[in-house]
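Below are two complexes that have chain A in common, paired first with chain B and then with chain C.
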Partner chain A sequence: MIELFFSQVLNGLAIGQVYALIALGFSLVFGVSNLINFAQGALFMLGAFFAFSGVTWLGLPLPVAAVGSIALVTVLGIVLEGVALRPLENGPYIAPVLSTLAISIIVDQLAEIIWSPEGQAFPLPFEEVTFFIGGAYITSTDILIFVFGGLAALALTWFLQYSWLGRGVRATAQDRDAAAQLGVRTDNVRRLAFALAGTLGALSGILVALYFKSVFPQMGMPFALKGFAAALLGGLTSIPGAVVGGLSLGIVETLASAYVGEGYRDLVAFSLLLVFLLFRPQGLLGDSRLSALGGSGAASGSMPSTSLLASASSQRAAHRIIEMPAWGFLAAGLVLAALPLITQSSYVLQAVVYGMIFAMLSASVSLISGSLGVLSVGHAAFYGVGAYTVAVMGHTYGLPTEVALPAAVILTALVAVVASLPLYKLSGHTAALGTLAIGQIGFLVFMTWLSVTRGPMGFLNIPAPQFDLLGGLRLSAISHKFWLVALVAAVGLFLVQRLLDSEIGRAWRGIREDRLAAHAAGLPVRRYMLMAFAVSGALAGAAGGLFAYVQSVISPDSFNVHASLLLLTMAVLGGLGNLTGAAAAGFLLTIVPELFRPFAEWRMIVYGVFLLMVLRMRPHGMLGAR
Partner chain B sequence: MRLIRSSFLAALLPAFLAAPVQAAEEPVTIGFFSHLSGNFAEYGASFKNAVELYLDQVKQQGGIEGRPVKLLVEDDRNSPQEAATVARKIAGTPGVVLAIGSWSTTSSMAASPIFSEAKIPQISPTSSHPDFTKQSDYVFRQNNTDDILAQYNADTIQQKLKANKVVIPYSQDDWGVYTGKATAEAIKKAGGEVLLLESVQPGSRDFRPFISKVKALQPEGVFLALPYQEASIFIQQLRQAGIDIPVGGGIPLTSPKFIELAGKAAEGVVLHTIFFAQDPSKKAFTDAYKAKYGKLPDQFAALAYDATGVGVEAIRRVIKSGKPLTGEAVRDELANGPAYEGVTGVTKYDHGNVKKDPIFITVKNGQFALF
Partner chain C sequence: MMSTMQGIHVQGVSRHFDGVKAVDDVSFSLAPGETLALVGPNGAGKSTLIQLISGIERLSGGHIMVDGRRIDRLPPERIARLGIGRSFQTSRVFPALSVWDSVMLGTQARLLRREHGRFLVNPLYELLAGLLPLRGWRKKVEGQEAIVRETLQLFGDRLWPRRHQPAFSLSYANRRRLEIARVLAGQPDYLLLDEPAAGMNPTETGELTRLLLELRRMRPQLGMLVVEHKLSLVRSVADRVIVLNQGKVLAQGDPDHALDHPEVVEAYLGRVRTRPVSSDAHLG
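Here is the complex of A and B:
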């Protein structure tokens, strides 16, 4: 038994060093520019594929291809900084984050077009040898990864500790403005950080390709998620923290696989991460002085306030806000309700129904991310809870809609409140990573809790909405469901807009702008935060419940990390905190891609480019952040 | 020669012969939907290739009984939500009498109620979950159900590989969950022992913790209820750990990509299939496929090819009978029609289900060969 335990720990170290490498590149950028670099996964994937192409297309020996690939991706890191960050320097803090997200969408999709979506075998240049230590084993590839990974970490540590340039990087990480005043060229430092992130990304990509002997265009996202988690665990800005975080994550998930079950591996890993953050929000080796409750130094670096909408100059640039009054949502719902009288096409009606559902979801994200200022990258979990509640109540227990739909709303609100507890002590981008973990946990629970969610099979034939109180009224045709959705969406958005216009909404925005000041002014910050999560969860739950009714089929795939990211981009494009904008963006961005259906391959690319352009031209969103 | 003649004819026919005839006849519209982008898109591409290949041949014969065929192609991105949307789109297009799709049971089932409501028969080439055809009279499939496949899985590992103490990693998806459990039951029923039956999240790449457990249990064989991407990495890591026991697998591993990705580790793996590209009796199909797309067809292509064949023959019988061509009439012909001999075996529908015999194959010198 003990031998098995040790061999599992060894397995954990082997995969953990891979996570550590990815976390390193991520921590470096985070430290210097206080930015979640979503494109780190894309850099990682490109590193692997460039090396792959060098070996298989050009016939280069692997070391040459690897060096070429690393050089190329290093340059791409600089280009990324130029495209994603530089133009948005004085925009709100959130803009560059989303612009790295847009770039990763574009790159991932382009990679599928260039290299085909299929996995490809990555040729090993040497015969692999396995060394056995009793029941445990390590392979020559493990040793190779260990040597390169260790060298990279040591070189990086040496560079940051002892070189002048490295001192500049650290100074910039601590306080960019102060460093600039002392003559550090902070622009160059940031470019350097991105270049190094590219180098490390490419290196880890190639090593991972060797580890699995294959490359996949979709490999970026799952490993980036693990890299984020490892960095968060380690303390985000700490280089040794990234290494320790990666190794710990590797060991934890391996032991979860060994003693709980392979299927629960990620679920256990992400759940432990959240629980850990409850007690030690600064991570394993993070600096505890940087209390997350706000003040000058948020979680790390120099963020002048906890607000995601504030810009580097800590002043809000004036921008126009276009907003409807609350009753506008009722009016819009009324106008849309006439649509089934005009057209009978179920295809058109279905598209518009999805549009309304996503308007609610996008508004729900906008409330948390915009008004409260906790960037939500895990909203699909709430959306899914609503959908599954209706599915379980309607399908498994045959309960009528007047029970199932309100239950979905209440249950999702409760789940959102519980989920927000670990987030309370986090702020800024750290909180965003926390929501990312929540989203993953939600998805994995839908996937693995077979007795309730039916796992990957999901629910089929969810009965149509039926109201026993209204004499068994059944809404089976799509046009009838359309009216139900229009009603719930209009009323839901109306109520939330009323809330946002009230003093509660003002308190939320106050907490967003400066949590410490809100605290000092006597606002019960925690209570307001929980309330915002409850309201946002209720809205998402209603949308999820309607989604289950409309589609009559649900499966976990509808609630994965990509759905969360999509919802976030909708909220941002509309203008964070602006309910009209969020609803309009959610509605339009669901319907317009339908028109591009024949160009499915290019759809996501167009979407990414559009997102980039909007961020560049209207960093506060189409209708203006509020 | 064959290629030259057929493309020559294809170029000539519409221009000289068929055009005036076809213009007078109303086209027959067939809807096709599967995943043409995203994860596993290569399977969807195989589907589309095969459907188009079959319809090309129909075109060369001047259409179905002189009526031209129109194909609607939609991408469902392997998502049930998208599948429901494209199903509405297909069902809303006037004149559609047959729908072919989709790849996964979940996506196919999301589309079924919509087609049934519109009285359009749906043939899924690959949905293997037993519940799929229980939905309505308008739902058909081309492959065996998971219950039949589970028996073949057990035969592969117990009879062909002579392993009685087995571990089964299965993929946590609609196919894997059912297959894993059904296979384990079939093995136990035949007197075998299942030492470990554990799920693997889709997209997993690191199986070493699992393999360390396998090593401690000392089984006689492994049955992989995994898609080929996961399976190829699993088997590499299994061999890397010095575990040399026989490995069996099901339909997903019959893709040539499995051998390509797994390399030497794939040697000696035994699989069952209902289509084998190297089988000489399927030469006409494999040659035509290879000529058009430059690669050998996989089982998915073969199933989609047969789905189209069965559907087109049913449409042909409706036209011949002189009845008005409706989805309902095509459904009746599918359900009650004669047996159809295709490249994956005989299709004779019993409540939308088929039973086709397995062929056992193995990997020898980097190639599939009959076992």
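Here is the complex of A and C:
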């Protein structure tokens, strides 16, 4: 028994070492530029694939291919800095974060085109040997990972601690302006941080490829998420923290997988992370001061603000805001309701129905990320709760729509409220990583709670909406479902807009602008946060329920982290906090790509480029952030 | 009995930061209707005291009572709802909100208070009031709007004509005024101002001095605690002065007496002066 335990711990340390490397790259970039680098996963994946291509296409020996790949990705790290961060330096804080996301969307899709979406075997240059230490065992790959990972972490620590350049990095992380005054070339420091993120990313990518003996283009995101989690666990900007966080995460999840079940590996890891944040929001080795929580740029300065839309220059440019009054949503719904009278094409109606559902979802994200100011990267979990509620009630229990749909709304609101509790003490980017964990937990619950959600297979044949109170009225045709969706979307958005225009909306925006001032003005901040999550959850729950009815088939894949990220980009593109913008973006960005279905491969690349361009030209979104 | 309970009572309060005693066993009281100034060199612990009273920093020792109630373990927002309003050393103004909205937020806590009792209205009722025009709620909102109008007009034509502009577009001095306006709109019983005249030119400082005097006349029950370096302002508005140095009370008493105390002059200027300190020239 004890041997198994030790074997698991050793195994966990090996994989934890990989998480630690990713977390280090992440923390470095976060430290010097206050930016969540979503492209970290892309660098990781490219590292693995370049090494793979070096071996299989060019016939290089693995060590040569690995060094070449690391060098190449290091350069790409610098390029990333130039493309994603530099042009947006004085833009809102959120803009460079979204631009790394856009780049990761583009790179991931390109990788699928270049190397095919399928996984491929990674050639191992040596026979794997298993060593036994007493009863515990460890493989040669584990040792390799451990040695290289440990060396890299030590080298980095030495570099930061004792070299001039390393001091420059630390000084820049503490206070960029002061460091610049003293002659530190902070631009170069930032480039260096991105370069090192590339180095560490590529190295960890290659080690993971060795560990699993395969490479696949989608490998970036799951490992990036673990890296984020490890960094958050360690304290975000702490270098030893990232290592300790990575190793602990590795051990915890390996033990969970051994003693709870393989499927629960990630679920246990992310749940523990969230619970841990409840009690120690600053992480294991982090600092509890606000300035250490990534709020430094935003919280100090001549005009303190905690808003994601504030910028490092502290000067804000006024921008035009285009938005409809609340009744505009009712009018828009009414106009759309005429569509089934004009066309019977189920292709068109279906596309518009999804457009309306995504308008609600994007609005729901905009409420949390825009009005309340908590960047949400986990909204797909709420969307999924709504969909699964309708699926379970309609399919498993045969309940009518007048029960199932309101139940989806209320249950999702409750889930959102509970999920938001750990976020209360987190600020800025830390809260964003908290929502990421929430999104992952949601997805993993859908995957693993077999008795209710039926796991990966999900639900087939969810019955069409049926109203027993209206004499068993069934809406099975797409045009009839269309009317239901239009009604719910119009009324839902109308109500949310009313709230945003009320005293509650004002309080939400106040909390976003300056959390501390809101406390000092006597606003019950926690209560307003819970209310925002309840309302946002209700809207997402309604959308999810409608999605289940329209699609009649659901599976966890609709509610993964990519869905959450897509929803966030929609809300940002429309203009954060601007409900009209969010709804319009959700609607149009769902319908337009439908028209380009034949070019499905290139769709996400076009989307990524579009996102980059909007961030560059209209950083406050198409219709302006409110 | 009641009269001794009334007011803010700071009793033996300390605050240590990793061994540094920012505030060291300080005691004083602020009665309703009184204006008390806290002066002292930088690092004397003045701002820390305001942070402690408003609940943003936690005490290392001692306790703080307000109107007979212990407040030093309450979160900042509860303390604010007990009638203690404060401004910050660097103005915190909700940058993207309009001047009007920013000041309206100062009244929100009052809006949420129930007619009787110290609890807040039910959040479901608040949501309903956001969706539907409930008459009772609308009336309360209109009442607060009237207060906001009056408050903004206190500042002459500095804020009122700019009420629809976002706060970030205001000048530095106007942002200070806006913050004070927001605090006043909450109709606090006690007002804590952290260097309200910092960065203001002499004309603006004079204007602020007149505003504070006007406020004392309009709200005779308002207790004010002002942290300020500009002694001209202190001499004009304060009933009483407490001089802090290195976290301890050095002297207290009426402004002329306390500020001219030789030890005070030395602590403040580093040397003994023969003439009383009356101008702000020492601030350079």
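Definition applied: the second predicted complex is superposed on the first by the 607 of 626 C-alpha atoms of A that agree within 3 Å, B and C clash if a C-alpha of one lies under 4 Å from a C-alpha of the other, contacts with A are read in each partner's own complex, and residues count from 1 in each chain.
To be clear about the criterion, a residue touches a chain if its C-beta (ideal position, glycine included) is under 8 Å from a C-beta of that chain, and two chains touch if they have at least 3 such contacts.
Since the structure is predicted, the reported quantities are computational estimates derived from the model, not experimental observations.
Once chain A of one complex is fitted onto chain A of the other, the partner contacts of A:R618 are absent, as it touches neither chain B nor chain C.
Taking chain A as the reference, the larger set of touched residues comes from B, when chain B and chain C are compared. In the superposition on chain A, contact is made by A:Q218 with chain B only, not with chain C. Of the two partner chains placed around the shared chain by superposition, neither chain B nor chain C is touched by A:R191. By the touch criterion defined above, A:S552 lies against chain B but remains apart from chain C after alignment on the C-alpha atoms of chain A.
Judged by the touch definition given at the top, the superposed model places A:K481 against neither chain B nor chain C. In the superposition on chain A, contact of A:G522 is made with chain C only, not with chain B. When the two structures are aligned on the shared chain, A:H395 is found in touch with neither chain B nor chain C. Contacts of A:S502 after superposition on the shared chain: chain C is touched, whereas chain B is not.
Residues of chain A that touch chain C in their complex: 302-305, 307, 309-310, 315-316, 318, 495, 498-499, 502-507, 509-510, 513-514, 516-525, 527, 530-531, 535. Against chain B, in their complex, chain A makes its touches with residues 4, 7-8, 11-12, 14-15, 112, 116-121, 128, 130, 132, 135-137, 139, 212-214, 216, 218-219, 222, 254-255, 257-258, 261-263, 265-266, 345-347, 350-351, 354, 444, 447-448, 450, 455-458, 460-461, 478, 551-555, 557-558, 594, 597, 600-601.
The residues of chain C lying in touch with chain A in their complex are 54, 56, 75-78, 80-81, 85-86, 88, 90-97, 101-102, 104-106, 108-109, 111-112, 120, 123, 126-127, 129-131, 141, 166, 168-169, 172, 175, 182-183, 186. For chain B in complex with chain A, the touching residues are 36-42, 74-75, 77-81, 84-86, 88-89, 91-92, 105-106, 109-110, 113-114, 129, 131, 135, 169, 172-174, 176-178, 198-210, 212-213, 215-216, 229, 232-233, 236, 240-242, 257, 260-261, 263.
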